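Structures are listed in the sections that come next.
Across the two complexes that follow, chain A remains constant while its partner is chain B and subsequently chain C.
On to the complex of A and B.
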């Protein structure tokens, strides 16, 4: 290597071919810039979250695939497990006692210096690349072409439960009364199709944990939060590649 | 015939002895565990004044919020009259009937907000760390079960 072309601060690679510390750091920084902020395997930067949404690069180029593109952002740290969302959901969508469309998970952090319990609301992620739809043998469960909601046609469902085992988020249950699999449809049947703008759970939440809206509208709060570079935004089980439309954040 | 009795009888006696020893062992172990369990929650009746009251579980306006007497009166060593001289009545949960016993009231420095608000800033503010006091429906079920166990032990 020509000595004059060398950056003075950075030492030359040594004779054994080991890359010096500074260069290695530069290289790692470059990796971060490309893949987004990485912590614990699930945190993502705004740029990479957008990438999670779409089934393919082409769709990314074609903007959001649905209009409205229904989506939910969950402000996880504000959840207090009052379960008004679960009550409102059950009343609105006639969910039986043994079933669920949404649940609250509980995580205990024994090593925490302050609060130790974290409540995590979960529901169907209305994935862009839904494993359940691909698994269904009768095409009873399908992706709504207009708004991207994953729905179930009760008449076509044969109750084989293949979709239940295919779903990486455990978002479905078998309804004994209708003899079909039931799941969250963002209240499309009971509310959205009748002109309401919010899901029952989002409306019932006293702590504004569940923010519901149209992700294809840059003015909507869901868009603003998902595209906020200042805050960490993540999805459940990104490694499954199902591209969820339910996002999680704090604050 | 006699030979048979000679063989069977010791075996029978031995097994009886084993059963007896096991039974004694298990019952005595049970007794000690009950004793230690009771000691931790039930203090000497003679020193009734120093007994720490149970946790309070508020269910209005949301399910549910815990107030730990253990944390405040025992661990932090606050005297009873810090809160029980006008702020909170002795009878648990009477404050639930107040219309401003909610997050807005707390932020204005009322009730728990006397300490837990950014306005008065004595302890962590009530607009942070939500689930530190809000234990939810799951927490309510767990606490109620625990309190029932304690009652039974008493």
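On to the complex of A and C.
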């Protein structure tokens, strides 16, 4: 994807993800807000520049006042599909055989000049505007007011599966053992709440694909990468307006 | 038109005649054998549902992570939407003063309760933890959740409709009209929220948008009039009763309304598809699956042919007076509408959520096949509604309607 190419008279990005300069400037202004630019028929570009992000920081902090604001940046092209993240996740969070909290999708670029296969790790996006939380009838799934993680109160889950239908990213499954819908909680229950600083998947990854940290801390690596103007950053299914906290980048 | 008929209704002889045919019929062996038969089917459905709960939905049901909602949800939608339609038919007759429809008003109200109870029977086995639902729907309600509103409002509707029916029996018509007015509003709100359960899921492009709640209310009226024609004719067939002129007139008008509503739904369907072709590839893929893909038989034969086109032809040809054609048309209509709901629910999920990502895992369409457990629960729910219908005809003497003037105001 070549986002710096210039095609003046084209308001929308084309199928190859080429975004006109004006469009790019416009969404850069939005700072952390994720805009709806469609790139490469797949993911969306979202970029920020440091000064503009600082300009919008208060607004951002008012809207999503999490401290820490847990987030993950996935360096997509580093993934080698070793699946150690999936194994670590399953072992840590007692994920049954039939379910998964995270998986790795395989994208084949038949017309690519260099790399033909890319692996895309996916997990719950811990959205700022989570569709699942809106849809849940009993507030069994909720946004943790401290850290922004979308969590599940197993006792309240009635198993209507509306959250599973609501999630635009297929992040949820019904766990027969716990009699509740289950999903990634950034290992909050199993690790973060016990003093660990990394999720099991991030710790297990040998290629440093999954960068986990606090998006409200300008010193953190996730912050640095999300706000790096030199790099394209994107999220999954931006058109659904859920505002994910899992970002994708390369390099 | 309603004006000229109202006088006819007022002096219609059926209000005073006794329904001797039905009395005979309910004493007959055939009636009680049918009751027994339907009870056994409903019990078998419940047993299948309980067994599914014991072994777990993962094994018992065809639904999955990618397609969490299957035939149990679509059958619930079928019953709930029909219930709202019946409630609207009933309210038209005795709340909003469309007197020509008054003869079917009581039966429609009773069946509105019967069908939603059938729906609750089915969804009880769909919901994984129905007992938690009873607690946390009350103590931890989420007011932004359409499914919370839908369930709560349909629950409230049952209360209003039951009170309304009781007041009608006690001939307290003024109160019945007041309760009926609130009841129909609650029911329409419930139906809209059911539409919005689907319409507000931004991840599913086939459902997403304001179309669903609007389609659901039009659809409710279509299945409501279909159901009242079918059940009224069945009641007279069972009772071997000669139909009174006012009832004939009511069914004639209902048949015309049914034709109109089929035309409305055809119109909605056409435009939903045409706009879809200008939309995202995910929505196009869903529509393609109905037009030319794996759901083409369901769509063209069951939904369009059996559910709408043939009934429309039969209704028009019947001129609202050929009861045989009307019975066949309405039965086909209800059969087709069942699959309309099935396709709506399933096709909304068969396009993978990450379809646009073009990853190997999500290249084609997903598939869903109902399991035997699911089918048994569905048939049990249908049998239960049939059972309620037959018992209701007996218990309430064919839901006879008397002129409101005759009662207490």
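Here is the rule we go by: the second predicted complex is superposed on the first by the 189 of 251 C-alpha atoms of A that agree within 3 Å, B and C clash if a C-alpha of one lies under 4 Å from a C-alpha of the other, contacts with A are read in each partner's own complex, and residues count from 1 in each chain.
The working rule: a residue touches a chain if its C-beta (ideal position, glycine included) is under 8 Å from a C-beta of that chain, and two chains touch if they have at least 3 such contacts.
Predicted model only: the values in this text are computed from it and were never measured.
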- Overlay on chain A: chain C relative to chain B, clash or fit: fit
- Task: Figure out whether A:155 sits in contact with chain B (first) or chain C (second), or with both, or with neither.
- Result: second
- Task: Applying the touch criterion given at the start, work out whether A:81 contacts chain B, chain C, both or neither, answering first, second, both or neither.
- Result: first
- Task: Check the residue A:167 against both partner chains and state whether it touches chain B (first), chain C (second), both, or neither.
- Result: second
- Message: Going by the contact rule set out at the top, does A:106 touch chain B (first), chain C (second), both, or neither?
- Response: both
- Query: Between chain B (first) and chain C (second), which does A:198 come into contact with in this model arrangement: first, second, both, or neither?
  - Reply: neither
- Query: Who touches more of chain A, chain B or chain C?
  - Reply: C
- Task: Pick out the closest CA atoms of chain B and chain C after fitting on chain A and give their distance in Å.
- Result: 10
- Message: Does any part of chain A touch chain B in one structure and chain C in the other, and if so which residues?
- Response: 106
- Message: Under the definition above, what is the set of chain A residues touching chain B in their complex?
- Response: 77-84, 104, 106, 114-119, 206-207
- For the complex, which residues does chain B have touching chain A? 61-64, 124, 129-132, 134-139
- Within the complex, which stretch of chain A touches chain C? 41-43, 98-99, 105-108, 120, 122, 131, 134-140, 155-162, 164-170, 172-174, 176, 179, 236-237, 239-242
- Query: Which of the residues in chain C end up touching chain A in this complex?
  - Reply: 56-58, 63, 65-66, 68-69, 126-130, 132-133, 136-137, 140-142, 144-148, 151, 197, 200-204, 349, 352-354, 356-362
